[in-house]
Structures are given as C-alpha cells and as structure tokens.
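Chain lettering (A, B, C and D) follows the sequence in which the chains are written, and residue indices restart at 1 in each chain.
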Amino acid sequence: MSELSNALLQEIVEEVRPLTREGRVADYIPALAGVDPHQLGIAIHTPDGRCFQAGDATTRFSIQSISKVLSLTVALTLYEDAEIWQRVGKEPSGQPFNSLVQLELEQGKPRNPFINAGALVMCDLLESRLTAPRQRMLEFVRRLAQQPDIHYDRVVARSEYEHSARNAAIAWLMKSFGNFHNDVSKVMETYFHYCALSMNCCELARAFLYLASHGCSPHDGGTVITPRQARQVNALMMTSGMYDGAGEFAWRVGMPAKSGVGGGIVAFIPGEMSIAVWSPALDHAGNSLAGTALLEKLTERLGRSIF
Amino acid sequence: MSELSNALLQEIVEEVRPLTREGRVADYIPALAGVDPHQLGIAIHTPDGRCFQAGDATTRFSIQSISKVLSLTVALTLYEDAEIWQRVGKEPSGQPFNSLVQLELEQGKPRNPFINAGALVMCDLLESRLTAPRQRMLEFVRRLAQQPDIHYDRVVARSEYEHSARNAAIAWLMKSFGNFHNDVSKVMETYFHYCALSMNCCELARAFLYLASHGCSPHDGGTVITPRQARQVNALMMTSGMYDGAGEFAWRVGMPAKSGVGGGIVAFIPGEMSIAVWSPALDHAGNSLAGTALLEKLTERLGRSIF
Amino acid sequence: MSELSNALLQEIVEEVRPLTREGRVADYIPALAGVDPHQLGIAIHTPDGRCFQAGDATTRFSIQSISKVLSLTVALTLYEDAEIWQRVGKEPSGQPFNSLVQLELEQGKPRNPFINAGALVMCDLLESRLTAPRQRMLEFVRRLAQQPDIHYDRVVARSEYEHSARNAAIAWLMKSFGNFHNDVSKVMETYFHYCALSMNCCELARAFLYLASHGCSPHDGGTVITPRQARQVNALMMTSGMYDGAGEFAWRVGMPAKSGVGGGIVAFIPGEMSIAVWSPALDHAGNSLAGTALLEKLTERLGRSIF
Amino acid sequence: MSELSNALLQEIVEEVRPLTREGRVADYIPALAGVDPHQLGIAIHTPDGRCFQAGDATTRFSIQSISKVLSLTVALTLYEDAEIWQRVGKEPSGQPFNSLVQLELEQGKPRNPFINAGALVMCDLLESRLTAPRQRMLEFVRRLAQQPDIHYDRVVARSEYEHSARNAAIAWLMKSFGNFHNDVSKVMETYFHYCALSMNCCELARAFLYLASHGCSPHDGGTVITPRQARQVNALMMTSGMYDGAGEFAWRVGMPAKSGVGGGIVAFIPGEMSIAVWSPALDHAGNSLAGTALLEKLTERLGRSIF
C-alpha cells in the first residue's frame, strides 16, 4: 500500500491521462462543449490540514451538479428535517437524471435531492427562506473554500437558462402537484447559477472537507452541519450521487461521491479525506470517465475505500 | 460511545422490542404468515473471533432474499466477472423488487443480483455449472456457518413454489430476451430452496463473516472470494441490498446490508464486524422494521457506521 | 326503429335524466365546479337542414376539449398534411389525457391532436401562421354556427390559466424536444381561450355539421375541409376522441365523437347527422356520464350507429 | 365511384403489387419467415351472397391474430358479458401488442381481447368451458367458411410454441394477479393452434361475413352472435384491431379490421361487405403493408368507408 503524497497523485494522474481521450464532453450548452477534454486534475484535503494535488488541479471548471450537495447542505441549515424530506425522497431513481416518468408516477415528489427535480425543490426551499439565495451561496462557498474570489460563470448560467426547457417542464410538473412554491423562472435562475459556480479541484476539496470531518469546516472550526447530518449526506451520495451509475461507481471506487457534467467529482473517505477530481469527458452515465478511473486507481494504491 | 458487549446488545434489544408491534409479517405464503411477530434477535461476529448476541438470536427463520448474497458469492467463484455482469447490472432498480417494467424496458437484463430477476439469473448460472446446486449450497453454508445441521425448510420451499407465478413471469420474460438458459421450473425450484434456508442470527453472522474479513472465512482460514470481490459485494449491498428502501437504510444505518422478507437482515462494518438481526414484521419497503431500528440504534451507541 | 323527432329526443332525455345524479362535475377550476349537474340537453342537425332538440339544449356551457377538433380543423386549412403529422401522431394514447410519461418516451411527439399535448401543438401551429389566433377562431366558430354572438368565457379562461401548471409542464417538455416553437405562455393563453368557448348544444350541432357533411358547411355551402379530411377527422375521433374511454364509448355508442370536461359531447353519423349532448357530471374517464347514456339510447332507438 | 367487381379488384391488385417489395415478413418463427413476400390477394363477400376476388385469394396462409376475433366470438357465445369484461378491457393499449408494462401497471387485466394478453384470457375462458377447445374452434370455422377442409398448420403451431417465452411471461404475470385460471402450457398450446389456422382470403371473407351481417352467418341463416354484439365487436376492431397502428389505419382506410402477422387482414363495412386481404410483408406496426394499401385504394375507388 502507498502513502498519500503529491508524488503518488502525480503517478496515477500520468497512468490515467491516456483515458482522457475517451468519453464525450457535455455538449448540450455551447459554454461546456468548448472545454479541452484532455485535462485531468486531483486534489485531496485531510481533516488534519494536509493537502495534496496533481495535474490540472488549479484550473477552474463549472461544478454543475456538484452544487446539488451545497444546496442540500444549505437547506439542512434552514429547515427541520421533516420539512425537507416530505418534499423529496432518499432513494436512487433508477432513471436518467432528468426523467419525468418517475416524477409523474410518484406525484411530483422527486426521488432524491441529487437529481434535477430534487435539486430544484432544494432551490425552491432556499428561495422561500432567503432574500438573496445567489449571494448567500457565494458567501457560503467562499467561506468553506477559504477563497473570496469564487464566482458564478455568467456565460454558463445564461447558456443553461436558454436551454432550460426540460428543467422548466420538471418544475411545472412539480408545481402541478403542489410541490413547487415559488416562481419557476426565478428559482431556475438561482439553480443555474449554482450549477455555474466556477471552482478548481483544490477549492472543491477544501470546500467539501466538512463532509469528511463530521460536518465541521476545519479551517475555522465552525460547524456546517451536525455529525449525523454529515453521515446522512454521505449515505445519500453513496446511493444517489452518481446519476444512474451509482452502483457501478460504488463497485469500482467504493466512496460516497457526487459528480457534475462539467467533469468534476467530489468523493470522500469520512474521517480521512476529501477528494476532488476533474476531467471533462464523460462516460455513458454522465460521470467523468478519467476522473472515475483516477479515483479507482487511488483506492487501489491506498488500499482504502469505505468497504 | 459504548463498547461492543452482550450487555449492550441486550440493552438495545429491550429498547427496540416495543417496535415489534408495528409493521406486518409477510403473508404471501402461509408458511411465513404464521410466524410470531414479536421476536427480535441480534448476533455479531468479529474477524478476531469474538461473538455477541441478544434476544431471539438462536431461533431459526427463513432467510429468504439474504440467500441472494450467497448465490452471487457462489457465482463469483464459478465464473469470470464478465460472464456474470453481462447478464445482470449493478444499479439500484428504483422499482419494487419484483417489477417487470424495467426488465422489459431494459431487454431482460436485471438491474442487479439482489432483485428477484437478478437472483434468478444467478441461479440459472449455477444450474449451468453445478450438477447439484441445492446440495452444493447446503455444503457451502454449513461450512461457512460451521454448523452441519443447516437445512432447507421444505414446507416453505413448497409453499413458495406454489405461489411462484410472478417469478415464473420474470424468468420467462428473461428467457424471451435470451437471458435465461435452463428450464424455468427447475431453476425456480433451486431458487425457492435457497430462499427457504433456515438459519438463526448466530449462524448468519458467522456464515457471512467473510464479507467483513476481506473475503476470508476466519474459521478455517479459507478464502471464499478475493478482497476486491468482498469490497464489491459490500458496495452492491450498499446501493441495492434493501429493496426500494436502500437510500433510507443507508441514511439511517449507514452499512452495507441485505434483508429478506422473513425479517432477517445481515449488515457489515468491513474489517470490523458481521451483524445479523431478525424480527419478522416488515416496513412498507419489505425490510424488517424492528431489525432496522436495532441496527440504527447500534450505530448510534457504537458511534460507528461506514460513513 | 324510431324516426328522428323532437318527441323522440324529449322521450330519451326524460329516460336518461335520473343519471344526471351520478358522476362528478369537473372541479379542477372553480369556474367549472359551480355548474348545476342536473342539466341535460341534446340537439341534432342534419345535412338537409332539419334540426331537433330537447332538454337544456340552449343553455351555454364551456366546450373545453371539444375545441380540440376546431383547432385541428383550422390547422388542416393552414398547413400541408405532412407538416401537421410530423409533429403529432394519430394513435390512441392508452394513457390519461394529460400524462407526460408517453410524451417523454416518445420524445415530445404527442400521440394525437385530441390529448392536451397534441392540442397544444395545434395551437402552436396556429400561433406561427395567424396574427390573431383567438379572434380568428371566434370568427370561424361564429360562421360555422351562424351565430355572431359566440364568445369566450373570460372567467373560465383566466381560471384555467391560473391552474395551468400541468399544461405548462407538457409544453415545456415538448419544447425541450424541439416540438414547440412559440412562447409557452402565449400559446397556453390561446389554448385556454379555445377551451373557454361558451356554446350550447344547438350551436355545437350546427357548427360541427361539416363533419357529417363531407367537410362542407351546409349553411353557406362553403367547404371547410375536404371530404377526405372530414373522413379522417371522424376516424381520429373514433379512435382518440373520448380520452381513455374511446373503446368503451365505441362499444356502447358506435359513433365518432369528441367530449369536453364541461360535459359536452359532439358525435356524428357521417352523411346523416351531427349531434351535440350536454350534461355536466362526468364518468371516471372524464366523459359526460348522462350524455354518453343519451347517445347510447339514441343509437338504440334509431337502430343506427356507424357499425 | 366504381362498382364492386372482380375487374375492379384485379385492377387495384395490379396497382398495389409493387408495394409487396416493401415491408418485412415476420421472422420470429422459421415457419413464417419462409413465405414468399410478393403475394397479394383479396376477396369480398356480401350479405346478399355475392363474392369477388383477385390475386392470390386462394392461397392459404397462417391467420395468426385474426383468430383473436374468433376466440372472442366463441367466448361471447359461452359467457355472460360481465364475465368476459371483468377480465379484459375494451380500450386501445397505446403499446406494442406483447408489452408487459401496462399489464403490470393495470394489475393483470389486459387492455382488450386483441392484444396477446387479452387473447390468452379468451383462450383461458374457453379452456374452462370447453372439453376440446381446439376441435371446437375447427368445427366453428369450418361451418362459418362452409369449408370442411380447414386445418391447423401443425408446423407453425409447434414453431410458435417453441418461441413462446414472451407469451408465457404474459400468462404467468396474469396468473400472479389471479386473472388466469388454467394450466399455462395447455392454454398456450390452444392459443398457438388458433393462430396457426391456415385459411385463404376467400375462406376468411366468407367465415367472417357474420360481422357484416348483424351477427348472422348468411350461408345457413344461423345466428353467430346478436346484432348488438356484432356492432360491439366491430367497434372493438375499430379502436384496437390493428395493434399500435389502429389510428393510422382508421385514418387511411376507415373500416373496422383485424390483422395478423401472417399478413392477413379482415375488414368490414357493416351491412355491406366482409373483406379479406393478404400480403406477407408487414409495416413497422406489424400490419400487412400492401394489404393496408389495397384496402385504402378500395375505399377510394368505391367511395365507401364507415365515415
């Protein structure tokens, strides 16, 4: 077994880099389609303050659905548990991330907060309680990442909004079942801004360290969520964090994780480390192809997963 | 945090026992419907040879779908990985355990080996390679549990077979897609015998210890499956082991686990312990209601889950 | 067999009137929920200029989905066949009238022009070619019914619009597949105005006479659509005109027909008569309960259906 | 408009014959796959005893699903209406003819007697009341067609049985819901024999004349079913007789009809004529491509449909 080190990360980045030629960059919006697919980066932060990185770990990208963990986290700080879970489930969907079939059969209640429907409900919850949900998220992320310079990529946010018909259909369907309370356009705009957060692997690994640290952000010692909530969010990522590839990912990598179509993945060994990888080209399930391979190789070399 | 001890188990059994009045015993076959719902037991085995128990831990019951882990394990010892995973997936189903909808949409390939369709494919694989799959399973389980006296409950097996129309439909549908090779009746009879294995919590915790011990059966030092396979089976239980309640179970308990409609659940903290609980009354997802509560309480008291 | 006469109609209205106590008035918008359910009317027009009526045949009501035949008719006059039928199908849906499941599986192409999705596409087609689609429809209907005093019920139209979340979801889903070209809100407003046309049985039977007269409006001798198109629209009503009750309706009544949740039904014996019935309370499929019974009785007494 | 004559039929057969090069012969069983696709025939019988024919009207073929009308007809003579319609619906399915999805969602009740599931229920009903359902059907058809020499094609029946996995899945699924009472294998064997009836266009047009004659078989003056039942069966064919192409067929041809994958179609103008066409190559919905075109041309030339 190897020890965690920059050299180790460097080594596996080199081994995996050929895989960046496979897969497909998300192309449903121009702003994503133009990204160079051959990039690959990794960063790891530990609760005791060490950090490691290799490859393109300081290049920013669109975090996309990784932001769904952030909107759930903020919702957990604003609402009682029951208020959240009566409006969204905790089960894997067994369906593509943006399917309406299950949403209709299950009367407008999304399967979990990590599919689009569920994240839209989270944003709707935030809209109801926050006066400036976009600004609030920025402040939250900047504090977690200890980086005041994090911004929304407005080109991406705009582009998403212009291709938002499917998400509008989802939101209106939930509204028809009474599970969406605010203005659809307004909430979608917040949702797309969250997706358009632009961060790099180092910033992500640091920002999400609270999920490897029992809910605490070690940088300022502050509690983000309770230890129990941190366990629960990890559990939810384990079963539903990787779209319709959660089972395969658990099988290969064995860590709770959340991916985005920008090619980023955050993954965790609770108590030990917060990991962020990035490579833009995606596999058939919409998860970073080389990023997943990088995480798999890491578990093999460290001899560590949660299983 | 508490230490693992018989006293601790005794204590949480008493705390949880009132919950045995809730839920419903499986009643689709008479042989299960007659079981006294107020029973509750737990047993834990550790890789270093300690064992603990409380409540009705030595009363045998029908292990039902817990046997799906055994049939997958045997298949893993008989086939190359690719031979297995081209015929069954690794993803949560997002559907009731015996639904045909997804099976038809996905052309006869079951979502995972822990739904009925997937387990029938495992039994079909075993049928193709073993001359006496029922006898072989008995020998396998007896060796794992170090207990030569384990048997099939023939009344249960017969009763299942007489109520097997839904499973026959599933098998025939897979046959229509070319994903079922042997005689439907013959394989179903093997399948129902596996479900009708009669074991108690102590026997289950000991038999399944290999999944908490990197694939080794500590009793005789023998390798059952490789460490990687053990990790993988745990991952699969994490995402798909609890029917359509896997997300909720991960959220509350945070362990890979597999349940059966007989009211049993096996659960694992890899490297640390193999746990078996039993209480016959089920929640709406078909998992033991009091058994799940017992596991939840255990993780709270030990301060241990995999997250 | 009886001859067509006011006395005959009067007789069957009396026989059927007790059934107005069964069924349920549509209550998804307040403007419909308030209608007195005990009303029942019928009017018949023939190509040779005779007309008959009985019961509440001159009370106006909201024609609702009956307008879907009108929007299809107008679309047939504005577009080539292929332009229409590449965007909407001709098959029964086998689903509730406002389901999104099939629409998603079939990539945004509605099954037929008589479910909501299909009618929204018709309105989208009209929006693309007409400068004032609402005014144009009014003029069209007024001419067909020879009645300059037909109007939209603005209270109903407004009420529909305020409860339009499901239809918005449908329109946005089609937009996500590229099958909706204009502004969703604008088209929906036109759609709801069409639904809110307020007409009585006599006006309906006269307006729709062209479907019993090979596409000609006998009042002014003008061609509305070609004889072939008239046959085709009748065929489409036969297979898809009565929501998910088309088979049962064909079985009992045996005429092409279109119903609306306002309790109206128009039905046809091509070449012989155009019939409009009305009674507000609906059966489980959303068709007028007493209205259907009235048509069934009429076919029995006349010894006439299309079969 | 043309008069019905052998010359007219001859003429349209020649016009349509080039279309026999398009489409695909059913190939799921070898016995059907081997048929020469370039054959095309038509026969018409009228209630007043005239008969017309052209093309390959005396070549026998496998009537396949056309037999579903016969099994419904026999069931109507053996059971009260309610006994039949509580076990099978009357609505179009909106699904492929052998789908299990809707059958599961609707708890084992087939949508109508003309999809496989519904026809299997009809055969199950016959099995419960008849001692020799296969022999009885032969006698029934021989009498209707006035032809003692009609037989089952045993090669086809055997071949179907050997490829019956999908139908077995359907039958077992219905059994799991309590909607299938007899032995699955036994009923399937009857079902496949009915499908394997070997008849030519002339025999079919004569045998089915009762559906154009108010339920009477004009040859011997005997009542097959009541006039009301004849209207109802025609209505059912109109909405559900052409698989998932019923709407398109009604649109183009405008007659109640039932097709089989052997390439045969029976169609009706009630009170006027019974028509049988045959050409083996099928369109995407599974209906005879040239056969449908032949019927369409016939309606144009005669200026007659039911609309």
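Just so we're on the same page, a contact is a pair of C-beta atoms (placed from the backbone, for glycine too) under 8 Å apart; a residue touches a chain by one contact, two chains touch by 3 or more.
By chain, with names taken from UniProt: A, B, C, D = Glutaminase.
Source: prediction; values computed, not measured.
Ranked by how far their CA centres sit from the centre of chain C (Glutaminase), the chains are topped by B. Separation between the centroids of chain A (Glutaminase) and chain B (Glutaminase), computed from CA atoms only, is 32 Å.
Note on chain placement: the centre of chain B (Glutaminase) and the centre of chain C (Glutaminase) lie 56 Å apart, centres being C-alpha means. Averaged C-alpha coordinates give centres for chain A (Glutaminase) and chain C (Glutaminase) that are 48 Å from one another.
Chain-to-chain contact here is organised cyclically: the chains close a single ring, every chain touching exactly two others.
Against chain C (Glutaminase), the residues of chain D (Glutaminase) that register as touching in their complex are 89-95, 102, 111-112, 230-232, 234-236, 238-240, 244-248, 250-251, 254, 256, 270, 305-307.
Within the complex formed with chain C (Glutaminase), the residues of chain A (Glutaminase) that make contact are 99-101, 104-105, 165-166, 168-173, 175-176, 184.
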